[in-house]
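Here come two complexes built around chain A, the first alongside chain B, the second alongside chain C.
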Partner chain A sequence: MFRSRKKKQTRKDVHVAQLEAIVGPTEILYEKEDLLSYDCDGFTVHKAMPKAVVFPKNTEEVAAIVRYCSVHDLPFLARGAGTGLSGGAIPLNGEVIISLGKMRNLLSVDYENRQAVVQPGFVNLKLTNSISSKGYYYAPDPSSQYVCTIGGNVAENAGGAHCLKYGVTTNHILGLEVVLPNGEVIEISDGGIPDSPGYDLMGLLTGSEGTLGIVTKITVRILKNPQGKQTVLAYFDNVEDGSRAVSGIISAGIVPAALEMMDKTAIEGVEAGAYPVGHPKDIDALLLIEVDGIKAGIDEQIEEILAVCKSRNVREVKVAESEEERGKWWANRKTGFGAMGAISPDYLVQDGVIPRSKLPEVLKRISEISKESGLRIANIFHAGDGNLHPLILFDSRVPGETEKALEAGTACLKACADVGGSITGEHGVGIEKKEEMRFIFTDEELEAQTRIREVFNPDDLLNKGKLFPTPSRCMDVKKVVKDTVAAK
Partner chain B sequence: MEIQDMPQASTAASSIFKDEKFGNDGAEVVAPESEADIADILRKANKDGKKVAIISGGTKRGYGGLKNDYDILLSLSQYKGVVEHTAGDMTVTVRPGTTIKELQDFLREFDQMASIDPAWPEQATIGGVIAANESGPKRMKYGSARDLVIGLRVVYPDGTVIRTGGKVVKNVAGYDMNKLFIGSMGTLGVITEITMKLRPLPKCESLVKLFVSKEQLQDLKTFVVKIQDSMIEPATLEMVNPALSKKLFNRDTYTLLAAFEDVENSVRYQEQWIKDNKPEGMAMDVSSETEATAFWNAFSKIAPNSLTDYESNRTRAVVKIGSKNMNVFEWLAEAETLQKANLLTIEMHGGLGHGITNAICTGVESEVKQAIVRLRYRAEDKKGYAIVKHLPYTLRHEIDVWGHKPAYFFLFEGIKKKNDPNNTLNHQRFVGGI
Partner chain C sequence: MAKSLAAQLEEAAPPCADNSSSNYLLMDHPDENKWADCVHCGMCLESCPTYLETGKEQHSPRGRVHLIKSVAEGKLNVNAQFADPVFQCLDCRACTTACPADVDVGGLIEEARGQVRKAMPLKGWKGAVSSFFLKGLFPHPERMQTVSGLLKFYQKSGIQSAVRKTGALNIMPAHLADMEAIMPEVKQPVQKKYKDYKFIPAKGNPKARVAMLTGCIMDVMFSDINESTINVLTHNDNDVVIPKNQTCCGALHVHAGDRDMGRKLAKQNIEAFQGEEKVVVNAAGCGCALKEYPELFKDDPEWKAKAELFSEKVEDISKYLYDTGYEKPISTVNKKITYHDACHLAHGQGVRHEPRQLLQDIPGVEYTEMANADTCCGSAGIYNITNPEMAGAVLERKMENVPDEIEMISMGNPGCMLQMAMGVQKYGRRSEIVHTVQLLDWAYQKDQENIGANQEATSSKG
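Our next item is the complex of A and B:
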């Protein structure tokens, strides 16, 4: 034991030794075999090795690590549970990874003012579990909520099935403590007080994919559980009827808590997965609809939803009869991505968003893309807010199929962008969709964003190479001209 | 419904440029009717080193600003109207000069609404409301501008037109640049289009009022905690102090306004819940649907704005206090301490579900100034803030309407410098003289 430590020390480079001095010898990894599991996150197509992984225990240690990296020009990035689906935590430049996994405490809960303070490594679902005995919960519920961290949720502005009614992460963040890329610690909206005077830095940081600062403490809004909740499952013989039912429900003036859709291929996958429900195999689409709120008001909304479904040729529609049944339906939906593993060796999930009214048109286009690429595409998505998740099924052992899948993914995003949509609703850009940013933003618009990055992260040491496409020639030239003018 | 002495806004738009009481005026007034014209004006001003102030409805000239005159006053009042509305998508794209009322009237035809209830909907425009991040009591249920805006078009000082966000309700592509412009007081760019997500008009609404004597305040506080801990879902829980209750209801009591907006069964259930659970001896009144609408309309006009405040013998100020929800009770108590017969009146209302309190101070100048300083001292002591949303120009040189600069002010400066390096837009209008 002693011997192997000594051996390690002789191989350590000077930076690793200095970082170890900050966090202690048990809180750093730098041997190649230890670093392997940090070479990617939930986006597994691209891999790169970090220089080291450090596990700070508090804000001061994070700040000290950041200061050290900043002074010594070492690229660095923050990592939570590593569940991100767009590659935001992949160390493209041999970064020092600052894992926030050991800063995982619930610091305080203030029920009167409906807020809780957590460390970034605190797991999303644990917050709800910690406050549920008092009847409270934390609303953003990404499918990975049993393992993903709230720090990571802030970085990605994570969504979830219930954000149709309750909003995404940014709508639930009240305050942030942030370590800036130079090591300085700032507190924004300390105390979780709204409308802090000045530019909305909290809004900018949320969803900045770890490129503006490292969040070390988060004040979140907590909500009281709704008094009642009813869930409806509707089976359709064709996708178009299902899509029209979605529009019908929204047009009826109902704001469902969730409105999810799965197509035939997706249903095949979830039924072969760990949580089968027994959905009929020959249906074309299903809708999972949830309404919550005051009990007295729910029944009439459910009646209206049933009527809408019937008027759109639903084959069968039913209301969950028990909490168990409801739980079963949701487990089937929430494990949908992983379930694709049961019907395909590999899958790639995309995350486009479209105006709801374009749903039939875009689904048709996706099925064409499937035909063109020769790859099956399953659709599991948040139909209520137009957030599509095409799952492209492929086999990476077949030469050329991974590339084909990536191309099909890009084509799906293009289809979303073409109808005025977005390339990502909740998974983030990361490295995966960098180039696709050009589908929706002009050079000037991208430059407006990178200028903001320069304010926070002027040396671009923090999570470099993410979020923005490689600068086009035109922009490079412009920058040179600008710099020359400035120099004069 | 006893609404007394409600001030009426001047309808003569030209008059807003004539008086000097609120500053933020311009040597030259331009009212472009296209985005291209706006871009041309900015490009030229930016090149010529001219300073530009932005105005739209003209209700917020008393909100920040250390200049009496800018070179150019860019009015967006003529750049108005709905650009795009797809009812099925529940989104609308609108030009900045559209008044809140015009927007809501348009959407009502589709049983939809923009879920924002700022003051003076007939005069205030959506552009101004977004730029100043204005909100009303119902933000407790519906959130504020930052929760509703999904996309913007912005003209930068150099004339570049930038789109932020998009037209879809969920979007994480790139930085959330919408947030940068909401509440930035026009210091970073001119907003030329706003895309918002909409909500269906509630099928039923009602307003429950509880009239509370000073002696009953402690009971009320306990009751409010009980409401918050219950599963009922009020759209607002707004506390009103006696001075404002007097004006609104002709009663010398505190008043709790609890609004409910949902399907009818749910609204009736929640009214009944309040009735069954309220402390004994507390007077309760339930407004009908039409009364509730009329009440909120009147409520939106209680604060002075730069179109209505022409008084010369009394100073009027509106202070926005940000604090934790339950601190509202402390501000109510503070208002009682500060008020002085014939010298200072404070009409106050604060949201127990959203933490924003508004104090309308009216009186002799020295007392109004003292009240601002005192409220700010108390608010900052509790990690909150007190900013002055409405104050005559001369006093804005004596009192920093934005309060102390945060430790991270350098980031604000950095952002301003990147977007507007020549300080062309609304210079000195914002925090720390940005």
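Our next item is the complex of A and C:
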């Protein structure tokens, strides 16, 4: 509709013509210039061109596209807003990308049963915005919630700052409509009845990173706004004190809604970005702590948090005095990753999880990795649940730096795995961490999981080459990754 | 046996075999430092009107930056396929506000347009129309004044009503007919009216002297807003100078990719305002363009320095009044009012609070905030003429956000005023479209009348 230029008169590929027949001429892209915008998502280290991008408007069209691809052996994958950080939507095999951006409606809200039904392309924050006037909200709040889609959240089992208390996406999904890789449409827990008998397919689908099916309708749980909410900002002169304060707060029996930490480099980044708060430049770490719930009791919890911080040599600690101030602190935190652009041309974000008690130890190890690689590493993370996000700052224009950044990232994940942690908290494995899966799973365990995938996705046409290491031996791939990077 | 990752990437058709050299072949190409800050996070997506409308990444800020960068990396050529997303952009700068790393997408777009227009000049009627308006008309105040006279003749002579009655408009493209329908009543340009004045004196003791940019279209279509601006400034004890040699700000040229003309106009304005301490502007688009003059002289240190000096003096009228103090009117304007953020005021210059405060300082004003007040209305310079369909879609979204009972929509940019007036007309709303300073001026005028009436009453008593 909005195309001012005439289409190039290139001879259309037969598959493109058939797909165009399903979605209509304005809802398919197949020329190189148009496809280029789809060669990566929020993970920019690898890029690859899709065969085409299609924009279905409803489940029937998704199913028809999937059926076509399946019959004709065309690899395909689903894409939401493309904000994923592990490369889950990158078309490694020249896939047909099924963009769910046109299926972006809120279908219904049932306040009585506290649930809402959305299409996969519906933006996360829009759900809260649509129901907040009635006093409700949707809990999972990944930092990209301003733009990311709930379909993508389901695929990645997205977390967020507040998952410490409220859990991640899987704890908020009540029902799914899924197009399976053969084009069949199934409903899991139709109507959002919790605890259906039989296997927990919803749990399996949520977080499967788009390898088992394409979600076309989602029933989510919505929550009543907490009665009260208080937010604390604490500045520390050294990271260790900050980490100890985190453990101190949790072991005092408080479950904050959010407990976030940023280190010195991260603070430099967010202060150079678009939402500076005015944090002191010479502090080593800051904590952003939020408590919510029924009004009674919040003040006591805040008192206790302040006391813990003080006992850990906090330099300055303050409670947000207004919603405006609170909003400012959060905007500063939530735009943290993107803000790194202001101090570095590229960054690679890692997503390890560790037991809280190991925080000081692992942070020390990360700072060593930074020294060894010669690259700066900023740490922004959900300290409360031990979910680290080391941001490795590099410049892809400098030969060899991308490689170094990848290595440093792997080393960070190794450090997490070594203390009994995991290689991903919420960003998913995608392309980025598939090799690192070996840090926490044996070959047999990986094999068992691959077999589950084969049940749903026997021809491996859907999002092939993601989530699990492809070649048999780890070292091969490491070399290959280096080669591709060097060839870039 | 599964293929190696390298083989997979190979098969995935690497975008370019030779990415060693840039495909920007001309001077003044997009600035690498501008895209170096973009980490492709996607936080801009939902702020972009064209992405919301199309759902397609190449029509999103991140997608456009990616394409602009790809040309520099040799993966793409400057061709029609590249020009499309670059010219579909409204240049509304909402992405700049949304961006966590302050990437100057607007600046990149303007630079890319410069490359496109040089590599592929507009031909046929589009080229002719564009060069008639942008080269032959807007930069020439005397011709603009002639147009003003002709438009006035069109309106006053009865031709306008005849044209409207005969349905002659039906043969015009729909969006142009829509525009004719909302054409404001043309009055005398202030450039002409005050041509014999050295300056227009402050009402009281002058506290400052400010120079005013009268604008090209502003002074023809909206000379009453210029008049109001002068009144409000002099009312608040400012001497107002209207430099004679000033010209069109060049915003439309830069938006359209004609950066050479933009530079020419910039130089003329920098010289015309030399010696002035403050340059006050009542059109958001013009103000933003003046502030960004240094961008045009990246490769010319001498003029860059001059442009920097100049751009620091530029201020939007609402911000100038807010910063230097203004008299709060006593008379009431009993209207339900909302405010629309012109993109180049809110996103371009960071002016949001000041005009709202101005409005709320007028007694009687019942102010309601509009949802998504800082979303583009689709005017975007001459975008509504070049891309009518998209502009119409964007306008429709905008109008959905205007609260029902609103009597006046206030804003600070003439382009928006025409577009919003079109929206009001098209969707059967009753709201009046006003410039923020007009409201203040009306309130001051009422004050004067009341004082006059009181004095009369007193003197007749005496």
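Operating definition for what follows: the second predicted complex is superposed on the first by the 461 of 488 C-alpha atoms of A that agree within 3 Å, B and C clash if a C-alpha of one lies under 4 Å from a C-alpha of the other, contacts with A are read in each partner's own complex, and residues count from 1 in each chain.
Throughout what follows, a contact is a pair of C-beta atoms (placed from the backbone, for glycine too) under 8 Å apart; a residue touches a chain by one contact, two chains touch by 3 or more.
In this text the structure is predicted, and so the values were computed from the model without any measurement.
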Following superposition onto chain A, is the placement of chain B relative to chain C best described as a clash or a fit?
fit
Tell me the contact category for A:P399 with respect to chain B and chain C: first, second, both or neither.
neither
Just to be sure I read the superposition right, which of the two partners does A:E300 touch: chain B = first, chain C = second, or both, or neither?
first
For A:T83, decide between first (touching chain B), second (touching chain C), both and neither.
second
Tell me which of chain B and chain C touches more residues of chain A.
B
Per the contact definition in the header, classify A:V168: touching chain B only (first), chain C only (second), both, or neither.
first
Using the touch definition from the top, say if A:I254 reaches chain B (first), chain C (second), both or neither.
first
Just to be sure I read the superposition right, which of the two partners does A:G273 touch: chain B = first, chain C = second, or both, or neither?
second
Contact-wise, after the overlay, does A:I354 reach chain B, chain C, both or neither (first, second, both, neither)?
first
Once both complexes sit on top of each other, what is the least C-alpha distance from chain B to chain C, rounded to whole angstrom?
19
Across the two complexes, find the residues of chain A that touch chain B and also touch chain C.
none
How about chain A: which of its residues touch chain C in the complex?
1-5, 8, 29, 31-34, 36-42, 44, 46-49, 53, 55, 81-83, 91-94, 99, 101-102, 104, 121, 123, 144, 146-148, 273-275, 335-342, 345-347, 465, 470-471, 476-477, 480-481, 483-484
Complex interface listing, chain C residues touching chain A:
2-6, 8-9, 11-15, 36-46, 50, 53-60, 62-63, 66-67, 70, 75-76, 79-84, 87-88, 97-103, 387, 389-390, 393
Okay, in this complex, where on chain B does chain A touch?
86-91, 111, 133, 135, 143-144, 146-147, 156, 160-164, 166-180, 182-184, 188, 199-201, 203, 225, 228-233, 262-270, 320, 322-326, 354-356, 382-385, 387, 402-403, 406-409, 411-412, 414-415, 418-419, 430-431
Parts of chain A lying in touch with chain B, wherever the complex brings them together:
110-114, 135, 156-157, 159, 163, 167-168, 170-171, 186-188, 190-204, 206-208, 212, 224-227, 247, 250-251, 253-255, 293-297, 299-301, 353-357, 382, 385-387, 420-429, 433, 437, 440-442, 444-446, 448-449, 451-456, 467-468
